[in-house]
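By written order: A, B, C, D and E. Residues from 1 in each chain.
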């Protein structure tokens, strides 16, 4: 992974995502009511609350699926509100979905390459006419290694062409994208089924594939919407590890999750919503003890006890 | 015996998702089916309710062979499923969704009573009865799905991960409801990732691993089985 | 034929050794399609002419029918087919103006003479096309004649003109307008395949017209007249040769009763020779629109072939120079391919009892 | 542009437009029903309508309808016509589903495949009617060129003025057309929205698998919607004959396009939308042909469609089926 | 349903591999040689006289159509199908108004290239040019492409936000609007009368032209060359960033947008490329026909175009090309059925779709898609 963060503590108080008095109404339903919170760089922030509290809506407001009725979302100093989803992605926010939304007919690898494409530049015209040409770096040149004479001379010809005219950006990006996608699949641990169609993967693999695809867009912030739904405890533990690794690679994470063991175990701070309003915010320990949160959400914890 | 599955094989294309499993569910029981992602739990449920054909093996329900029976006719025999991923009717209101659960029922007064019961269980649904189900939150949709299955008053209720996406408090509630309706006479076959909860409520349970039943026993037995503990309950 | 196995190249001579009275004549037009009722009489007459001629003169001329369904869209392809067949020496057709216009150039380039029994649009002969000839008068004559008839005989005060935007319809409505001048109370342009004329009907009503003139073909005219009548419009309905079609007279049920239709074509009984009787005995009915003209078109070509003009170029020349009386009129083409204006006939017909009754010859000098 | 004419006769033009749109609306209902459930543009629906129009004429022919019958007889003829047309159209619609769509449905084929199949069915039906069907149904010989208008039958109802409000004349045909469209729409709406069967239909439309899990028989529901769509088309066919007095093997084609446009305009899948879209389209077309020339009416119709969709991307009333959310 | 049976059969089939698979497994040089041989054969086709294959010719019967003219038509429709395939097959946008672009292409060469066109006449008067002046044929090519692309963008701009079938009907309307305007704007297009004297590469139609009327072989070769060039270009789009973006949009537009794909931009590109190819095809068609007239461009043709793409196998170039060729060629070859042609055509369309819904030569992906969907849909039948 390319991001490299030496000292998280220094960065910890730099705000990355600011939700500023965001309100979102659907007709009579107030899904978000004047919500404020901040996510700091390098942090894993949990977003919890009862069903229908407005968590997913909050994600939708951040990623441009819905436009807030009032208030503003800022990311990295820039206003996000009003931008379209792909622009927001370009700013550096990626997400996964509560109901998995992969490209079901594409292979796992292709799904991730689509993510990589977000950072690529070849346009349609560039693809058609293979322009612009770029002087390749040595490792990007075609290799000549076959023993068969005819094949060999063919390859030499290609090498000569590449040296003389350069290689199209299209080709370079294609190669880079594929390599990076493969690496990401390995990172989330599903490289063994890279060439299988997304739809045929088991649920858990699909969830991880969604994460890989989101990471491929090189976000600064990764938003995960109930990534552990449908996982058994052992799998949740793996996910816990994965999220930590993601953070250690320099991403910030915003996590919606109903599994308290996971949330309490992995997040740095937690924001609690109820009926669209923020009712609490603080470290996991603080939130766990907060009577309002217990009343509204946690109830009497059986397994946490 | 209410439900008897023998050597069931189900395929997706060339891939066998189930390699010949046998499951029995007795009248009045809660039976849990647990297993890792992709083990074939959902596939089993779909085969029982008839939206996935059985390639081999047989399914008997209340003494009748239903292996080749159409899905909607199985509902009429008394099997109702709350599907994985909720499957609400997105354009219908909450109320209409619940009514759909009672599609095959003729007893109007009974339906009305059951509707009140569901609204009692999930007050959020009562508040939002006129909201279009597709715009409900994930957890709210899950409530709709479970509520709808309850509306059918089936002999055999199939629940595929009913707790998915629900807040901790509501999960407690769901399991209480399961026990409660079981007590009222409904047989339940339950698929759950929340193995702890499921096993502690179930009379019996099966463990499914990559398309095969690898263990079976009472809920309590499995709950304390060390290998199960490792694989499915997580180290507390 | 086996000849086709080789490339259908540009040699025009494969049609049979010159001198022998044989060859193929194409008949191109709406053999099927909604308006085929307008063209079929010509086809039948032409085929009859060829048959008679073959027995009488011991020739082996063969008619080959090519169907355009009357659509200018399909016609160019059909024309290519014809031009690509060396055995075909000339064409009878096209039946309608639109398809004729769409194909003229191809025939000219292939040096295939066209003798149309019925394509009447003025512009066809104005285009300076060498292939095109017609044995009827053009719409300039018909339009003027119709205008005269409206003014003088029908004493029209307010004429509402509707056309179907086709080459033919737009052309003749323009001529009529010219002829009527201030008598035009309003106009509307409809389109082919239209079935609902509510708006046109209400325009006619509010214009208070006493005559409605429709320039177009049967297919749209019948629903139009029905809707006019059922909306209570009693104005006289006048159409042109595009409605001189049995399907209009009888299809309009009672609604078409009393409608006037003009046509630069003869009533069957007025045709020369034994044509009319022959037709009746062969097909069991009077020849309809342009029957006599179809016969004439065929005869011009047949006589040319008999005279030894068995290639396209020679037959073309023959047609250009032709000068002889036919069953419909005296046939001689000017350099544009038109019949001499003085020889042209225009008749008015009235629908009576589901049939056309000839009224008078209305051509003005 | 002829504003005076338009403004001057606005009431009358509106009534004309409504009666023109009534037929669009009835046919549009068939598109919308099938689309709503199967996400399929049933292009063959226009031919279902066409066959209805021929069937009416056939029925009248065999009943030996006389020229301008008495009002009592006319009503009998109309009712019989309605039954025959509804039967023929409904039957053909169901047949089409059986023969052409069912196998594809079982394979869960994507909509585009259905579309092409539908076009094939449409061509087949049209040609069949042109070659033999129409002749057979109306007792004619196949020798006459059947690609022409079939119109030699008596006018069933005189179009007389029934009443006049503020200078706007309401005539028999107008009232019959608009009334019938509203009535059929009302019945259908109640059926779909208020009855148990209707709920089954909507359930299949939104989630076929889950519907089966609730005990809905999908095949029967689909047959039902084709049948209902066909019946609506049959009624439209009868009205068409009363109003326009002719038919032809391809009357369905243009009308079908218009009706489909109407369905989309109102929000496809939405029954009330189909009615609204149909009526609106009729009115727009009449206004446009008064304002410009009749030959511009289609352009006006499509321009209105584009403008409406730009502001309301799912039609005037929206689709009745909400999409699942993120 | 005998899942057992089919699964086994399917597995066996995959083992052997389809012709396409075997082709792909060949060494590269063999594939290059094979392709070259194929291309040479295509250029040779107008002379086709090989025993056995001769029966492919359409000019054997009396009313048969000129063979090279049919070949030319096939080539033009292949261009159309390739263009529409970008829109429908790759980007998944149902365009029922494709004939509009075809018409624009044809009208560009007619309006600017023909001395008969009102536009040229007006220009002559305005600029004081001689009576026989018109825009050169070669210059009309860029005009056609640019006009078509612009109109593609104009059509796409307001409407590409629409989903699926809404787009279908709007594009259908667009096609109709183009046709009706061409017919009604008498002063610009000479309306229903059409425009004659449309030029070809060697000038307006006349007897001695190389690109003439009787010998249409050069026309075919020209069109074939364009086809090959188009194939070369479009192939580059398939497995590339735009190709993936289109596929992603097709599958889940919202998710694609959140992943950084700008759906609107890519859809617009698909439209523009499709439009340009439609324009080129129309251009060729118009110049060969020598006469352009509005009713040549009605809705039926749009529908036929879509049928070509789907019947052949949407998403796969070989498939759509085959679809285009068959749908153009068969009706010509079987002219002797005259009256029953359309009937047979319609029934064949239904039969092909019902029996082989993935198309004749489906793209691998589409075939798999359908297979999966079919699997999913399998339900026990009592």
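By our rule, contacts are C-beta pairs under 8 Å (C-beta built on N, C-alpha and C of every residue); 3 or more make two chains touch, one makes a residue touch a chain.
These numbers come from a predicted model, not from an experiment.
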Open item on the list: Which chain is most central here if centres come from C-alpha coordinates alone?
Closed with: E
Open item on the list: Relative to chain C, which chain's C-alpha centre is the most remote?
Closed with: B
TODO: Determine which of the two chain pairs, C-D or D-E, is joined by the larger number of C-beta pairs in contact.
DONE: D-E
Task: Gap in Å, rounded to a whole number, between the CA centres of chain D and chain C - done: 37
- [ ] State, to the nearest whole Å, the distance from the C-alpha centre of chain B to the C-alpha centre of chain C.
- [x] 77
Open item on the list: I'd like the Å distance between the centres of chain D and chain E, where a centre is the mean of that chain's Cα atoms.
Closed with: 32
Task: Distance between the centres, which are taken as Cα means, of chain D and chain B, whole angstrom - done: 44
Task: chain C: positions in contact with at least two other chains - done: 32, 165, 189, 191
- [ ] Provide the list of chain B residues touching at least two other chains, using ranges where the numbers run on.
- [x] 12, 50-51, 70-71, 73, 135
Open item on the list: If I count partner chains per residue in chain E, which residues reach a count of at least 2?
Closed with: 180, 183-184, 254, 339, 369, 372, 378-379
TODO: Show which residues of chain E lie in contact with chain C when the two form their complex.
DONE: 46-47, 49, 54, 57, 59-60, 62-69, 73, 180, 183-184, 186, 191-194, 196-197, 205-207, 209, 212-217, 289-291, 293, 295-296, 298, 338-339
Task: Residue ranges of chain C in contact with chain D within the complex - done: 32-37, 40, 165, 188-191, 193-200, 202-203, 206, 218-219, 222-223, 226-227, 230-232, 247, 250-254
- [ ] Sort out for me which residues of chain E touch chain A in the complex.
- [x] 28-29, 233, 236-237, 240-242, 244-245, 247-248, 251-252, 254-263, 266, 269, 273, 365, 368-369, 372
TODO: Using the touch definition up top, name the residues of chain B that touch chain A in the complex.
DONE: 12, 15, 34, 36-38, 85, 124, 131, 135-140, 142-143, 161, 164-172, 193, 195-196, 230-236
Open item on the list: Which stretch or stretches of chain E touch chain D in the complex?
Closed with: 88, 94, 158-159, 161-166, 168-170, 172-174, 176-177, 180-181, 183-184, 254, 299, 303, 306-307, 310-311, 314, 339-340, 342-343, 345-351, 353-354, 357, 369-370, 373-374, 376-379
